[in-house]
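Got some structures for you, see below.
Look at the two complexes coming up: subunit A is in both, with subunit B in one and subunit C in the other.
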Partner chain A sequence: MAFQMVLEDAKLMSNIVSIISSIVAESRINVEEDGIRIKAFDATRISMIDFFMKKEAFQKYEAKDADPIGLSLETLNTILKTAKANEQLRMSFDDTTKRFIVEFIGQNQQRKFALSVIDIPEEGNIPDSIHIEFDTNFEIKASFIQQVLKDAEMVSDYLKIRAKEEGIFFGAESDTKEMDTFIEPQSEEMETGSFLVSGESEAMYSLDFLSNFLRGIRSSDYVRMSFNKEQPIRLVYEIEDKGHLIYFVAPRIEESEEIED
Partner chain B sequence: MLPFFNGILSTSAFNSKKNPVILTSMDDNSDMNFELCVICKTSRGLCGRKSCPLLQNWSKQYSIEQPKIQNLDETFSPPSFFVGWTGYPRINAGPMLTVNRVASDVIDNSRNWLEKSQEDIVKMRISLMRTHAKINVKRPLDSDIVQKSQELLLGKKAIDVEVQLERKIIPRISLDERMAPHGPIVPIKTMDITENQSPINAIEKSFYDTDLLATDAVSYMGKEKLDENTITRVFSAGMIGRKDNRKLVPTRWSITAVDDILSKQNVEKVKLLSELGEFRVFTYSFFGNRFVIILIPDVWSYEMIETWFRGAFMNPSDKDIAVEDWEGYNGRTDYASNITGAYYAARLGVTEYLLKIKRQSQAIVLREISDEYRFPLGVWVIRLAVREAMKRKYKVFDSIDSAFEVAEKMFDYPLKHWKYRSKLYDLSKSQTKLDYFLQVS
Partner chain C sequence: MKSVREMNDTPSPLEFLLVDLDFFICEKENETEEPIVRIRGKTKDNKTLIIHVTGFYPYFYIDDLAETTNAIQSLLYTEKEFGDWIQDHYQITKYKYYQNKPTFLYKILGRNPWRIHKYSNKLKEKGVKSYEKDISYVSRFLIDTNIRCLNWIEISNYEEKESHEFGRVIETDFHNIKNTEKREPFQFTILSLNIVINSLTKEGKKIQNFSSILEESKQRIITASLSWSQDGVNIESKNFFLEKEDNDCERELINNLINEIHSISPEIIVTFNGNKVTLPYLIARMEILGLDSERLGPFQDAKIKPPVGYLGYRIPGYISYDLVKSTRWLRTKSGKKNLTEFSRELLNIEREADYDTINQYWFNIYLKNQKKYKKKLTDSCTLDSKIIYHLFFEMGMLEWVEVIKYVGLRPSEGIYSTPRHIGEFQLFRVLKHKDTLIPHEPTRKELAYRKSTRSMAIGGFVLVPKGTLHSAVLIADFRSMFPSIMVAFNIGGESYEGSMALPEKKFRNEPDTGIRVMMRGLLEERKEIKKEISDLETYLRTYSDSDKKRGLEKELRKLKTKSSALKVTANSLYGSHNYVGSRFYDTEISNAITSIAKEYIKKVDKWTQEISNNKCQVIYGDTDSIFVKLADTDTIFNLAEKIKEGHSFKLSDVPEVQELLEFYESKLPKEMELEFVDLALRIVFAPETKKRYSYISVVTGDLTIIGFEAIRSDTSPFAKEVQKAALQCVLEDGDLEKARKKVIELCLEFKKISGEELIQKTTVFGPIRRNPKDYKSKTTAIGALEDYSIRMDLNLDEIWKDFERFPFIILEGSSSLYKRAQHPTLVDVQKIDKEHYLEEALRDVKRIGVKVELKDIQTSSQKTLDFSSSTSNNKVSKR
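On to the complex of A and B.
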């Protein structure tokens, strides 16, 4: 059964797909009655992306018994990148040609792409969600955390996050360099009410993975971050009131084994 | 434009977050920092000199009987072709010639050199004379020499040619880290082909198809089982690619371009295969280059680490120096500027093996260079050695630490330093996967 959906702001979808496609090159897309959903591990199974956009977010949303379709998100991303500011986006499935159709609808003009679907077997073992009781929760401005990542990348491949009641410490270190950033709950770039820290936690995550998700987020938006010591971090980006992008990244756990000379 | 060209031309130095490990330290009295040589590998001018003192020294130091030819009365092209890189984009290029009728499969196909000694190879290769004419890489067909060379390069058979040289031939050996050695260099005035070449179908098709992208032509010729030396010659001579994009590519860049293109295509195929279920370790020594290749059960990822002992030809400093480059599942976006050409040559060998066994895995190539490897013979040494290693019996292990122990037996450089340098070892030890937490909760 075919489906179709029309989104007022093509750029919004373009932004979302650019984030997802930097994590998974190809994926199944589930077009369900209540909305569109992508849930996938990256190839290394270090991280997992969970995207949902509810049907109310769309001008028009028709989906009934639609089968999941496999798409190259990289290709979709290059197409969606061409979206212009005042274009609507229409996505549908053509039952006769078995192709995924992307249309940009501007004023008195339309652009259309047809994309063949690819066969992607259902990935076993994708949990509905990863249930963790997080000791640390805070909501931070994307521009702030993006700067932290940039700073840390100059120093190391990993970001260390330490949460205390007085604030959050971000750090990175290598043989020859170190960086540290500290932010208090009262900071303008922190949603003060969302700051919930019990006890002290410290964990380390790959900068590559964090960046893939975070660098594409609009810098004025906020991201909710939750983590525990030696457990995955969860990043939640609420897409206005339309849906969410959730990202889990497994931690780096270092054995205390020093190399001696 | 291929990404590594930018890499080679840029001077952005060490992109590694670890500095080269230096095992011993002594007071450095000289005004020149020889430790940079291992990273520069003769081609980036990191010491600030106009020409590489190592390159000049190697050729001077190598004592071997030189062929006594001053003029080429009767001469053949194997066929072979050389494009220099100094002065880019106005470079020197021309056909390589011999006085005997030796086919390129003998003198210019490194796949066939496994049984030869280092001396055999140099002796054989210095009989190959490199002619050159000044050519603008972007307008190769302005040159009659290039046009005629392209005709020769359609096949592999040695062809009778008549040439006029600008001056007499002065005996000389040229040694290079990336390219196989060759003999005297002499400017060429004119060339006439006096015999027909028998074209090879795959080359001919790529040559006449002016809509085919160069990368697609390389992969097509690879599929048609042409060896990488032949593909490199054709690539270098501006014979493939879209019509307007055809230009000469310096031989040393072409070698790496072809290794990169072929192995990248292999990687895409490897990623579709199921994961290897065990740790496998291969070892091999070739001309004083010791190799340990470790396959790790996981999705594709690749790393190469080299250790140049002090006194090894690329390391005139008084310190042992190690360098590494690596790529994750999604590959690199920049040039492997620490290891350079060898990184891509080894990746080709490794991916060929994975395709053969129909499995994907992580792969670590460890290379230790002893002073037994006396002079650089070209990056084919690495390609050939990795292929040979992976043809041999391997050992199976159940953990990364037990697999790494092989390096302890094989190498002089201590195990803990190989582990310290290895990004994939570190990831394997410290980076968890989400699956682990799914089972727990």
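On to the complex of A and C.
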């Protein structure tokens, strides 16, 4: 079944797809009655992205019994990158040509792209909803965490996060270098009210994976981060009141500890 | 003795198998020379016949021009010998190979075949061009009489000449010889011959330089061994030992050896290194000792011909073969190519002793009088000759004999020939029958010109695979693609118009070219045999009587050998058009064949889209095979399940495949056929790389790997193991994540291993093609070989010859790989560069889409997400 949707700000979708495509190159897009959704593991299954944008976020949204479509998100990203300020975005599916249509509607002009869809099998083991009780929850300004990642990348491939009631410690180390950053709940960069830490947790995550997601977030926005000791981290980015991008990354565990297991 | 004819009685026809032939010159009383073809044949009861065939004269053709008669006249006038030599000459019409143009010629028949070259050149000097002067007399005889060697031949009228230890000698005119319809198999007597040369000093010390022993030929032959079988089952052996170090004893050894060979009367004599050691040394020693080396052959006075070009030693009358010729494409685990290695790898037999030890045994027995070594000496020599006997079969030489038999060229040369020679010889026969002139061999000048102007041949067409992993893929092959194209489009010099037309239109459809006639016959015969094979296989599957089954299995093997002989012959001619040294070299023709093949691969792609309404797709094509992704994957997956449970595969189980194949058949020319090869449940292609894929078959459940590192010898066993395991996961379960986990698991295990296991998993073999000093840039194998020679104090100029490939292991360090490569026996296991091997393994699995980085398997371990129990806190799966 065909569908169509019109978004006031084409740039917004461009930002979102830029983040998602850095994680998964190809994916199924589910166009449902309440909004559109992409949920996919990256090829290595170390991380998973969960994107949702509700129908109310769109100026126009028509979708009924639409089948999921497979798209190259990398291609879609290159197209959406061309979005200009003040351009609207229309996305639709042409049932006759079986093509996914992307249109940029500006004042007195219109640009149109048609993408062939690809056959992507449904991925197994993606739960509809994930409920995890986290010991550590905090909401931090994107610019702060982006700086932390940059600092850590100079030292190692991994970021260690230790949460205590007095604050969050970020660190990275290699044979020759070390990096440490500490932030208190009262910091300007932290949403003090959302800081909830019970006990002490520590985990380590791949910087590559964290960066893929976090570097695309607007630096003035906030990201909610939650994790437990040696368990996946969840990053939540609320897209105003229009939807969300949730990202899970599996931890990395020191081999010596594993042997003790 | 009175001839049978003199007794006024027509002799009963004689039937025999033509083993080999040569010719000799008989001087008549009036000083004219008569060429006599001499055949060695074997009767059904294994008796030897020597047949002298008279009346067949060598010849060549010259242009019938105004000046031709003058040229002949003037030659007769100036060269008396030419008058004696020329036997006859007359006008004849033949057709040129190119464009099939009729051409008026003189056929010049002479007496001594050796003079053909001389007189054709004399005529050339007088401005008359000659043709077919470069076809040897023996080949000429076989082509013109259409007699096939190694087949049954019949002589209807003959005269008995004499009878001696080498068989009955009879004489006949060449008109009396013909092929028979008899197809009965003949049991060849195959004999292996091996000698050991004394390589010790008088004091019993080893002479290090074996090359100088061969060169000087001063050392005596100390042992000679034979192994043979007349029934193919019971192998007999005999050894001859030098009992005293003097000329008489060595003469006696050689005489006894030769007498024994003649009394066994083999058809095939097989050696290992016979062209470089056994035969030249034996002949050299015979000459030094005043023995006539011609006695080695069954004709007694025929010259033993030394190796030239692709040919090895030829002993007229016997089919002599050096197995080293067959080892070119064979690999051994140690990288060394010698009798010990091939015996171990191909026969699983350990030699009792190497040549040094055999020398020691002989020294102890005969010079130190220690008789206890006698048994050891006998046993080791016997075993060596038996090994050589068995290797003849194991190296597929009996199959090659079948190819020679099909075409019937001279066996003593045919045994060394390549498929190209085989195909060309068959084409000679067809062209002769069509009265078409056989093109001449290129002269040196022509060869140089061809080489300099040779454009890049259009190779087999290979499509770049679309995507990496696919499921439900039909694999189909064009049955004998190039030969069937040759038939369908009437390819050949005769039909070639030389136009700028499309490849398919470059050849006229009539008259039939020699190639079409030859290929049509071959393909039809092969089709019949394949049908017989398929019937027999079906029958064997259902038949339970084991005795009868064994008989049928033997029959099946024979049919398969014959089928592959036909295949070799059919596929040989494409190469002829592409090889600069061939008479039939013509890249216009060879490129037309490949271009047509390419067009058809593309057409199949188009047809597939047409019939399936774009649902099926050709995802890969490789010269003569195509890979079609099917739409109905459910049927394929269900079928794979059923087959696992014991259901046997039938094409009718997959209607989509049947429909496709039927559609292709309706579109292809009738001579061409796409046949079902396999059905891949899943197939993985190396991205953007041709000729690398691997799949699991729905039909057999087997994993097939083409071109990936997992089957290449220049990859470490560890990397092969990792790639194979990854391929298995990807193909069996279609699960990249599982493959990834498996790879990491294997890499982690690898990090823990040490000692012999680590050596075994990291030893790689690299080729040694020439003296290390001649390499401009060092390879790792060369680096390791140089290091080895220094550490072991060996002469690098000598030691490299022992290795076809050299084993090495890479050690830790930051210098170039060749500086860090070391022979496995010299390696300090602690210093093996595990990271290098891990990187190599990870690079190889990346090609099949399994991405693992080195950091993923270091110090800490990256987990993956698993939400299978998502509501609990157990969210991480461990590798």
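What we mean here is this: the second predicted complex is superposed on the first by the 254 of 261 C-alpha atoms of A that agree within 3 Å, B and C clash if a C-alpha of one lies under 4 Å from a C-alpha of the other, contacts with A are read in each partner's own complex, and residues count from 1 in each chain.
Criterion: a residue touches a chain if its C-beta (ideal position, glycine included) is under 8 Å from a C-beta of that chain, and two chains touch if they have at least 3 such contacts.
Note that the structure is a prediction, hence the values are computed from the model and not measured.
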Put the two structures on top of each other at subunit A: do subunit B and subunit C fit, or clash? clash
Could you say whether A:157 touches subunit B, subunit C, both of them, or neither, answering first, second, both or neither? both
By the touch definition at the top of the document, which applies to A:44: first (subunit B), second (subunit C), both, or neither? both
Could you say whether A:228 touches subunit B, subunit C, both of them, or neither, answering first, second, both or neither? second
Once the shared chain is lined up, is A:175 touching subunit B (first), subunit C (second), both, or neither of them? first
Is A:188 in contact with subunit B, with subunit C, with both, or with neither (first, second, both, neither)? neither
Any idea which of 73-81, 163-171 or 271-279 of subunit B is the one running into subunit C? 271-279
Can you list the residues of subunit A that meet both subunit B and subunit C? 41, 43-48, 125, 127, 130-132, 157, 206, 231-232, 248, 250-255
Within the complex, subunit B is touched by subunit A residues 25, 41-48, 125, 127, 130-132, 155-157, 174-176, 206, 208, 231-232, 248, 250-255, 259-260
Considering only the defined contacts, which subunit A positions touch subunit C in the complex? 41, 43-48, 125-127, 129-133, 157-158, 204, 206, 228, 230-232, 248-255, 258
Where on subunit C is subunit A touching in the complex? 736-737, 740, 851, 855, 859-868, 870-871, 873, 875-876, 878
Parts of subunit B lying in touch with subunit A, wherever the complex brings them together: 17-19, 271, 298-299, 301, 328-330, 416-417, 419-420, 429-438, 441
